[in-house]
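You will see two complexes here that share subunit A, one where it goes with subunit B and one where it goes with subunit C.
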Partner chain A sequence: MNIEANERLDAKGLACPMPIVKTKKALTNLEPGQVIEVQATDKGSTADIKAWAESTGHQYLGTVEEREVLTHYVRKASESEKNGETKHEDVTELEDLRSKVDGDEDLSILDVREPAEFAFGHIPGAINIPLGELEERFEELNEDDELHVICRTGSRSDLAAQKLSGKGYKHVRNVVPGMAEWEGPTDKTN
Partner chain B sequence: MANTKVAIIAANGSLFDAYKVFNVATAAAASDAEVGIFFTFEGLNLIHKEGHKSLPLPEGKEHFQEGFEKTNVPSIEELVGIAQEMNIKLIACQMTMDVMSLEKGDFVEGIEVGGAASFIDYAKDANMSLTF
Partner chain C sequence: MTVKTITTGELAKKVVNHEETLILDVRNTDEFDDWKIEGGKVKVFNEPYFNLLDGIESVERDLQKDQEVIVVCAKGGSSQMVGELLEEAGYSDVYSLEGGMKAWSEHLEPTKVADLNGGGSLYQFVRLGKGCLSYFIESDGEAAVIDANRMTEIYETFAKEKGVNIKHLIDTHLHADHISGGRQLAENAKGTYYLPPKDATDVTFDHTALQEGRDIVVGNTRVKVQPIYSPGHTLGSTSLIIDDQYLLTGDILFIESIGRPDLAGKAEDWVGDLRETLYKRYKELSNDLVVLPAHYSFAKELGKGGKVSARLGDLYQKNSGLQVDDEGEFRKMVTDNLPPQPNAYDKIRHTNMGKVNPDEEERREMEIGPNRCAVHG
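Showing the complex of A and B:
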């Protein structure tokens, strides 16, 4: 599994509590919303990173285990995503999207989360363009499609939906709240 | 865990005790908790300028030395450094220092010296109180 991250931390060979302590330190150099990859060999680190992320408000994305090395992915918390306010007017509730997905409707889903978040679980068939790359890559999207824009909580997708509307896309819907609540089928990127 | 306060009493001085104290303390600080440790009686060894670098294993447990080396556990010196860097409050017990004829200068940098009342004052609104 090849997952993009903004920063890599080598905590291999270190025992508890060092993987957590080092992760905490490394995260201060990251911008909110960026992703760090933490390599560790401490078998307790998976449970620890998960619990640590939970208690600090950062987002644990997942762990890839390869041979003896555990690679954890954590996304730095972003304040603006927590207030839950959205501005884009055309909104699709998550359950409505779910019934369309379950009904095998032909859908365009744009997932604007970071590639590492996308890799650990996305709606089958969704296209991934992270919010930060949308400005350069929006032309990959078909203007005539009804675009369902989704992220984790509905905040980044709100910004993306506004941006696309500004570019002249007329059928853009922000899916709320987002993947955090999604219970339908998901694919992982290999 | 921001807005969480952890109060720890370190009252024993072996290498095992030091790991219990500093592992929990640094993990809590890494989780954004405010952490304070009150070192009393043999616990003072854990922050003694020279003493903390060569803490004894408990009697009869010397064979664990190898395990510590094999698993690459950080040294206590390293953990004390991390604790200082993370602004963990290290409070040495004045009364024990007097009994043992120790001065503030006998300890690692940045410690505070206080009596039981200062620890109680720190711990009165703690969310977790731990004793080792």
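Showing the complex of A and C:
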């Protein structure tokens, strides 16, 4: 599995507490919202990195185990995603999106989270363009489709929806709240 | 700066001697909630090490600067680091538990239960970290170990100290919560490994049948080990009467609770056997037998010196699992109250049958965690 990350940390061979101590340190150099990849061999590191992320507000994305190496993905906490204020007017509630997905409707879903977040679980059929790349890549999207833009909490997708409207896209809907509360089917990129 | 350390043996002594002991467990909270150090006058609180990296304020209100505190983690690394942070903050009596909970899980604390006929003795080995109890009988230069744990060298060292040779290894049932040391000990000492035939149908190695009517003698015809067929936890579960005085109940009857019948996936089938054993077979035995189980589940069961035992007649008065007259109600209590399965129990059973052979490190990992062999009424 090849998952993009902004930073890679090698903590292989290190025993507890060092994988967490080093992750914490490395994260200070990242921008909010960026993703770090941590390679470790300490078996306890999975439970610890998850619990540590929860207690500090960072977002634990998941762990890939390959042979003896555990690769953890953590996304640095981003304050701006927590205020919950959205500006884009056309909004679709998560449960309405759920019934459309369950009803096998032909849908366009744009997931604007980071590739590593997307990799650990997204709605089947969704396409992934991270918010930061939308400016260069928006032309990949079909202007005539009704676009359902989703992220984790509804904040990044709000910005993306505004941006697309500004580019002349007319049928753009922001899905709220977002993947954090999605209980429907998901795919993983493996 | 290096923090002072305390060994699992030193900590075990404090626990069984009911000394005031304050423990700061710095593992993550899920692990702490699942399983922690308990017993005696232990007071334990949890703050994960990663919450202390930027400052120890969150533990300051629970700790006096001159108070003795033992810091515990999974393997001994984080407790060392937190110990240093505490010392830097002015705490003066800080210890780190060597080897952490992993080592604690493996510590066995021997305590003498009784003198037996003709100069023999009976010892109980208390595994404080897991609640497992195993037994060591020595008589006339020979020894028997019953329900031995994986840490075989502890029994071997003990035998050497006592100047006896281990001859008999007996498991009261096929264990699902810990890896048996019986087979290894038998191999090392060229002794005999006894297993109940009905639990040994899928066992891949040579052993001898543990059967009612075939008594085992430890030492020169002095100490009699009498098997009593008592199914219910497993189909083969067999109790042992030692020297006509001590009843080793395996995982059938504990001090505060009774065994669970489901670890081989047979709760419905075996609950009838469990009922029969507890309410008929054991009732026919003398009330004065001293019950010595293979587990305990509550710290309060640890008596003087860590010993876990009770008179059979008293258990018929007090143990809630023995007070249910109605068979339907008993069935419901046992099958409705089943705790979560012990960690890796299926793999442990297969290891004990000889069907899989995990390496040493994996064996240690498989046993980490609490013991859940009992049903509480």
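As a working rule, the second predicted complex is superposed on the first by the 190 of 190 C-alpha atoms of A that agree within 3 Å, B and C clash if a C-alpha of one lies under 4 Å from a C-alpha of the other, contacts with A are read in each partner's own complex, and residues count from 1 in each chain.
Keep this in mind: a residue touches a chain if its C-beta (ideal position, glycine included) is under 8 Å from a C-beta of that chain, and two chains touch if they have at least 3 such contacts.
Worth saying up front: this structure is predicted, and the values here are computed from it rather than measured.
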| item | value |
| --- | --- |
| Clash or fit (per the criteria above) of subunit B with subunit C on subunit A | clash |
| Partner chain in contact with A:V21 - subunit B first, subunit C second, else both or neither | both |
| Partner chain(s) touched by A:V69 [first = subunit B, second = subunit C, both, neither] | neither |
| Touched partner set for A:G13, first subunit B, second subunit C, both or neither | first |
| Subunit B versus subunit C as contact partner of A:S55, first or second or both or neither | both |
| Contacts of A:A180 with subunit B and subunit C, given as first, second, both or neither | neither |
| Subunit B versus subunit C as contact partner of A:K43, first or second or both or neither | second |
| Overlapping segment of subunit C (options 38-46, 92-100, 182-190 or 236-244) - the one that collides with subunit B in the superposed model | 92-100 |
| Set of subunit A residues, in rising order, touched by both subunit B and subunit C | 15-18, 20-21, 24, 48, 52, 55-56 |
| Subunit C-facing residues of subunit A, complex | 15-18, 20-21, 24, 43-44, 47-48, 51-52, 55-56 |
| Subunit B contact footprint on subunit A (complex, rising order) | 13-18, 20-21, 23-24, 48, 52, 55-57 |
| Complex contact set, residues of subunit B against subunit A | 1-2, 4, 23, 26-27, 30-32, 71-74, 82, 86 |
| Subunit C - residues contacting subunit A, complex | 28-31, 48-51, 53, 73-75, 77-78, 81, 365 |
